[in-house]
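Take a look at these structures.
First chain A sits with chain B, and in the next complex the same chain sits with chain C.
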Partner chain A sequence: MTLIAEVESLRAEIPPVKAPQLKKRKLDRVTRLILIAIVLIIAALVLWPLYSILREGFSAQGLEVLGSLSSPTTLRIIGNTLLLGAVVGAGGTLVGFIMAYAQARVQFRGKRLLHLIALLPIVSPPFAVATAFITLFSRNGIISSGVFGLTPNVYGLPGLSFVLMFSFFPVAYMNMLGMLRNLDPSLDEASASLGATRFKTFWRVTVPMLLPGFAASFLLLFVEAIADLANPLVLGGNFTVLSTRAYMAINGEFNVPGASAYAIMLLVPALLVFLVQRYWVSRTNVTTVTGKPAGRVSLITSPLARIPILTFVGLVITTIVLIYGTVAVGGFVSYLGVDNTFTLANYQYILGGIGSDAILTTTLLAVVATPIAAVIGMTVSWLVVRKLTKGSGAMDFLAMLGLAVPGTVLGIGYAVAYNKAWIVGDYMLFPALAGGAAILGGTVGIVMVFVTRSLPTSVRSGVAAIQQISPAIDEAATSLGANSVTTFRTITLPLIRAALLTGLTYAFARSMTTLSPIIFITTPQTKIMTSQILGSVESGKFGIAFAYCSVLIILVMSVIGLISFLTSDKFYRIASAWRWRETIQQPKGR
Partner chain B sequence: MKIRTIVGAAAGMALVFPLAGCVVEAADPSGVEASAGITVACGNIEELCESVLTEFTESTGIPANYVRMSGGEALARLESTKGAASAEFDVWWGGPVESFVAATEADLLASYLSPERDNIQESLRDADGYWTGYVLNPNGICYSVSAFDELGLDAPTSWDTFLDPALSKNVATSHPATSGTGFGFITTILALNDNDEDAMFDWMLDMHPNVLQYTQSGSAPVQMLVRGEVAAVPAFASVCEREHVVNGNDDIAFAYPEEGVGFEVGGTAVVAGASNPAGAEAFTDWALGQEAFDAYVNTGYNVFPAFVGEGANNGLGQTVDDIPWLASFDPTASEYDRGELAERFDTDVAPTPVD
Partner chain C sequence: MTTAEMTREAAVAEVTTGKLVIDGLRKVYEGAQSALPAVDSFSLTIEAGEFITLLGPSGCGKTTTLRMIAGFEHPNEGSIKLDGEDMIALSPDRRPMAMVFQGYALFPHMTVRDNVAYGLRIKKLSKAQIAEDVDYTLESMDLAHLANRSPNQLSGGQQQRVALARAMVMRPKVLLFDEPLSNLDAKLRVQMRAEILRLQRQLGITSIYVTHDQDEAMMLSDRIVVMRNGHIEQVAKPSTIYLKPASSFVADFIGRANFLPASVLTARGSKALVRCLAREFEVDAHPDALSASVQLLLVRPEAMNVSATTSTTVEGDTGRILSAVFYGPVVEYEVETDAGNLVVEVAAPDVEAILSAGDFVQIQFDASKTWLLPAEGR
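On to the complex of A and B.
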């Protein structure tokens, strides 16, 4: 007790150590060019479509909906939305953190396997997890009723937040894991040598260092949860949220301006959480990557910590295996839980004809979108953290917008903004980019939507990672004569490889699983897997839906494996060895 | 560095210039041959889009492409290209006629008086030819025979079955705000109550304790029934009958309540500004006939044809005369304010706590 009090009083005396701030000098020319390019790209990807649709929200019909803001129904829907976001944000971040902590700091066998399984939910094709969850845990579920004889009602907040937490925690896990691995173990050693227990070190050293990560994960999960449509559609029951309400406005009331108005309401909480996070993180900024030599992490072996942590990890892993096992098995039977006869018909259906066409097109477009999203994401985070003084918050928020808007509304925004060519007089200033009459069969629009939807994750993980790096490293490079771009390419980029990997991985998974905006810009030439899955679910062909999902999961996991190899230390070493050799052969460089 | 910049800029311009700055040729759709192919906004289920349109191409030689979407989505999408040189789609096929009425009001459709429309019942087509109904699909009660046995209930004969306390938490229905099925259900009850909205909402509140979930999607309640989560759901006949006709599930049965049933009308329309109007008209003629209807039924959707004909049946041996149609039911729901009804449902019925 006294020791704690003593430490407390000491803490109070010592002024908090602020991370050294890099002086954001006037931007050099290359940086300015990059800035202009990024602003133009974000304007095209997010701002213009959003403006096109949100304008409708302030039309007479939209204002009617906005005017109902204080009605009890609307307030209830807004309350539901905030509650869902908070529960999923907090819960998902916690689960992700515990999993990452176990992976980085606790001694046990099978870490590689844990990592792979923990990443599975990143690939949650719309409807798959929710449907598998219903098959297992609903009132006639295989486990709830079959094993335990229970008839729970899974429709509503509890079931919905469980599925969302479960679908989104891998983002938190990957963020946290990257940060934990970047933590300097000498801090732990210092804390231990000052007499702190392991728990105290954890609570007073590790957790505070990870605050930006917690905040980033919470924000991301909050926004993901409130903008998600497929899961509330399937599992929401009578628990209406803004995204489903906007969907209702379009599908039931044929009221696009009304839907835009609900989207505007949805932007407010997203903006608030974002501002809070920025304010909070800027006060507790800590850098951990300092370029100084670090020791080795000593893993936790004490059973007191291991047993509860590993039990929790075991539960999470079991649930993941169960749910994805259900998806895998579901592809090989007619209707899992109803008609369990083995069949290959589902795979015959999807691998021939429309199915394989959709698989090919979707993968191709996602492969194109992924590096674009990751590169833009890392560049935006670099500009936001390192380069911009004024407007850094605005740019950060703009990049987040693509996720904060319900997909349905974004989709219509794209249709309005890009389905028509820009024609002035007789001249076409710009061709149509999306829809059936567009160039390249409308693929440009789809790639743009993929990038828009996956950009936020990329930016968040990039921002969190760059904030961890001490600006002194950048300064060292600058004082050696490197310009901003060289510094970014040779110093920052290698240091944020983990975040880049997260960005790439998530961008690909997200592109492959985006549904609601796609409906408005898909064309006969571009069959997209998710809309085929939706079609199968609607006609009750769950076997086919599960088979599609299995193929989609396998595809995404293989590409993730490939990406992680391409960004691994091993590959990096080989690649840089090659580059080095080239430099030696041509001493004058370029 | 400099060379790279120049190359980059050149590459960028090379990409943009062939596209930008072209002189737009005035579109003249009248010269387009029907055989150039049509693009369809398909409001039906994927399988139907695929099988019926394949049949169309085989029968007429006109290639047909489609994108599947719901009525509301199609409407939003047609709206987004309004005023463009040419529309994205030539034909809008499927989807309840209610959304076609909304599209007509928004000037998104072109009038076409098909020679085939004379065979269509007058109440199922637009007087000015903006849309024409081609099938009708009655609603009723879809239930699980085994669950009804277990609960000690007789086969349902009345809509009031949904009010039976024995079915507590054993009913699912789709939300009228998101789904045509759900809206068709409440307007059916409304028609049964002589369009007295209060009476209809009282009826819904009576049913409320029995409802496990108001689903957002129209197809979800039947799936919940199939999975054994509930015992009975309101549904359209073809969606329910399909479970045993196509999926071989004999536990699922369909009953027509004797008070009378409402129905959904599938419509077809030529899109305003279609790039191939000749093809769109050829499709309309074909879609209203026997051949299209047979393709529909052969895919396992046992609906009734909108045309009047000897022995016209739903493929299950039932003719139009066997069904207790509600005479006062209006499938275009033109006299109701859908937004208001849905809003009231969402406020007064759905969130009511049940103990």
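On to the complex of A and C.
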């Protein structure tokens, strides 16, 4: 023990002379234990892998790559990555906005259908769009060559950004739709009553109000695009981005420190954007949420506006339908566009043997991970909203890291951090959790990744739900004698159940369709659907890839359907009728 | 009458528990804009079964005080003892108190019955006991027919009754009310006020009630605590607060007040001979009034009267009417005088005889209904 430490410890033992002031808000013991547990869990899930990447990246071998930052090759890769992010961010936001504007403000029939089709890309695996796109639009594509007789080269930036735009625009669409619906219609009415035409109102009122939304969507899509690995692998061609470069470093060059170095280059802009966005959202939430809208939106009926908007919407929807039609049909033919004979061979392959293995394992691991993510997520949101005063921002930030960190980075981090057992002397303190030599065939690592990726969604929905519960409700329970854990169990949890289940749905969908972090830690024993799909696509077995995608989409959709039924009013009525029946059977009096 | 009901009757008879002794309470919010404490040197002894109202303008510290008693805020200094037992050390869920909240804070996912039963279930009472207590409370508050409704199917008044029932069923030693009626419309507020008073008297539970509505405070309270800037300004019966306020702040806050400049001619005990509006009167005086350099005479509008005069100058006890408003039971005049503009309320006015703006009037008041106060820097 050093001298200073000794003095410090002595000082700690001296009782304070003055009676200690009462603390402002003491966490009770149980809450403190929970807090410590959560911090440890998050450290294991995100911080340790991140630290491991930094350690590897700044090792001698990693520094070689980091040192090449100014070399033309590396600069080009970084430039490519940022360019891709910018194009996809701008394009996806624009498409998302037009779709949302049409949905919220333009008069037409079939809005519900439009909504469902627009959300399809969210629940589908990353390759569905890319593979279908190649089948439809590449050199021998059904449409490009079959219909128009063209032989375009789709590999590279244009094709890649098109596919990414279609994969990610639903995120922008949902954001913008929420904002448009929150805009107080009386603003439009005020503008109109002051003599502005609808077009003027759109430019001078609606668009400026939505600027923060545009910015937020752009940043979100930017990060999604630069973090994506699956599509650049399939469609990138010579257009190398950081994620594919890191993948090559590991899978081709077996250079882990090098891969870590590329991962750091990817991590920096992603984290920066995440921080900017957090700051932005915290500054602008006053303007975006104006409370209950007063009045009603009058929908656009003028053909001058309707025709161009709806034509665009029609094109987007047709493309989505074409893409997913291709996926659906492609599973049932030998090689769509080349050999269109009907066959069940693809499904026979994936539903028997290796394929069914992958389907079962993936579903099982996602099913295991989802409730874990939910429990951690709800606990974190409870701590953030209700219990922590000072550290609440930091806690929220930690939990959100799982999404802020690109999947590629997270995957490499796991590969580095958990591939080896933690051995001190002769004792194994901790077994390897990821990779071929890991316990349980590396499934622990995969579940951890699923949990990490799902946690942010779970926290977001939890925080939003808990914030809607007035603190007085908690206090009422406390005042009636419930301690904080009882209050959480009997009041908070039941009240956020619906939000919890919705969060779970997204978490499950995300686990089922995620690839970039998983690809670095899958093992021969443990087969994950998305990495199987990648394998099929890379070896040109598009039929099998399509069949996998279809099964995956159907699986995810059924779970979403089931959960939305469980949280629907209809189900609630049935359930509460059942409860009511019990209540009146309770003994009355003596 | 069941045995349970008999024990309840017995409970009404002897109110022995629920004496609350608060001493030197102080609360400073960390990071608050002003360095001033939200509550400072708040000391008060509340007798068992007493109904106390904390009254004051917003920001005066009344809610903070209530929340410290409940345990939701921790005081920086001071003690709270309930029947001799220290409360500060107890977390809010262990304090034998129940709170009724401003926004009702009903649990939206539970029926009315479940809401009311919640605290008893936490207490782990037997099922039969819970059912009995809940039924009795629902019955006595006319909520039995709503027992299986969910809170969002109830009107505001009904929700408030459930909130009250949920607290009452606990038989707490102290009931805390945080502006419980402020979300109701005026008529319902008056009804609920009566209901709260009836229940409180029937059960004899010590009650602390926060409000900024003086009518509520006047009607409900055994004693009113008027607060200002975190301090107690006065603690007294409603009539004392109204007739003999401790300061011009209290006088102004409770009811409406005219403050007339008055000069003390001679003082005798608690009485003083003063000159005011060019006349001399003997009036009751606040103990501090005589030693103060400047005094004000409090005259409530209803203690004044005006009568037509032939005089045409504003001086002495003659004034000119600036406005006259007929409210039905009263007519209210605003009168310009040497001593500033005064409000005069004449009850049961004869409609024919109502004076109009511009009329010159002589001002009279009943000296026995006035109160001499030291002038504050107001």
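In this section, the second predicted complex is superposed on the first by the 332 of 590 C-alpha atoms of A that agree within 3 Å, B and C clash if a C-alpha of one lies under 4 Å from a C-alpha of the other, contacts with A are read in each partner's own complex, and residues count from 1 in each chain.
Quick note on the criterion: a residue touches a chain if its C-beta (ideal position, glycine included) is under 8 Å from a C-beta of that chain, and two chains touch if they have at least 3 such contacts.
None of the values given here were measured: they were computed from a predicted structure.
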First (chain B), second (chain C), both or neither: which does A:L480 touch?
second
Pick one for A:F342: touches chain B only (first), chain C only (second), both, or neither.
neither
Have a look at where A:I134 lands relative to chain B and chain C in the superposition and call it first, second, both or neither.
first
Which of the two partners, first being chain B and second being chain C, lies in contact with A:D28: first, second, both, or neither?
second
Output check: A:A421 vs chain B and chain C. Expected answer is one of first, second, both, neither. What do you get?
first
Per the contact definition in the header, classify A:P431: touching chain B only (first), chain C only (second), both, or neither.
first
With both structures superposed, pick whichever of chain B and chain C touches the larger number of chain A residues.
B
Overlap of the chain B and chain C footprints on chain A, listed as residue numbers:
590
The residues of chain B that touch chain A in their complex are 1, 19-24, 39, 45-47, 50, 65-73, 75-77, 79-81, 83-89, 99, 102, 169, 175-179, 183, 212-217, 219-220, 222-223, 226-229, 242-243, 247-249, 275, 338-339, 342-343, 346-347, 350-351
Chain C-touching residues of chain A, taken from the complex the two chains share:
21-26, 28, 470, 472-473, 475-483, 486, 490-491, 494-495, 576, 580, 583-584, 586-590
Could you pull out which chain A residues touch chain B in their complex?
72-73, 76, 134-135, 138-140, 153, 155, 232-234, 236-238, 240, 244, 247-248, 250-256, 258, 334-335, 337-339, 354, 412, 415-416, 419-421, 423, 426-432, 435-437, 439, 519-520, 522-525, 531-532, 535-540, 542, 590
What residues of chain C sit close enough to touch chain A in their complex?
30, 70-72, 74-77, 88, 91-94, 97-99, 101-103, 105-109, 111, 113-114, 118-119, 122-123, 127-128, 131-132, 135, 148, 150, 163, 166-167, 170, 176
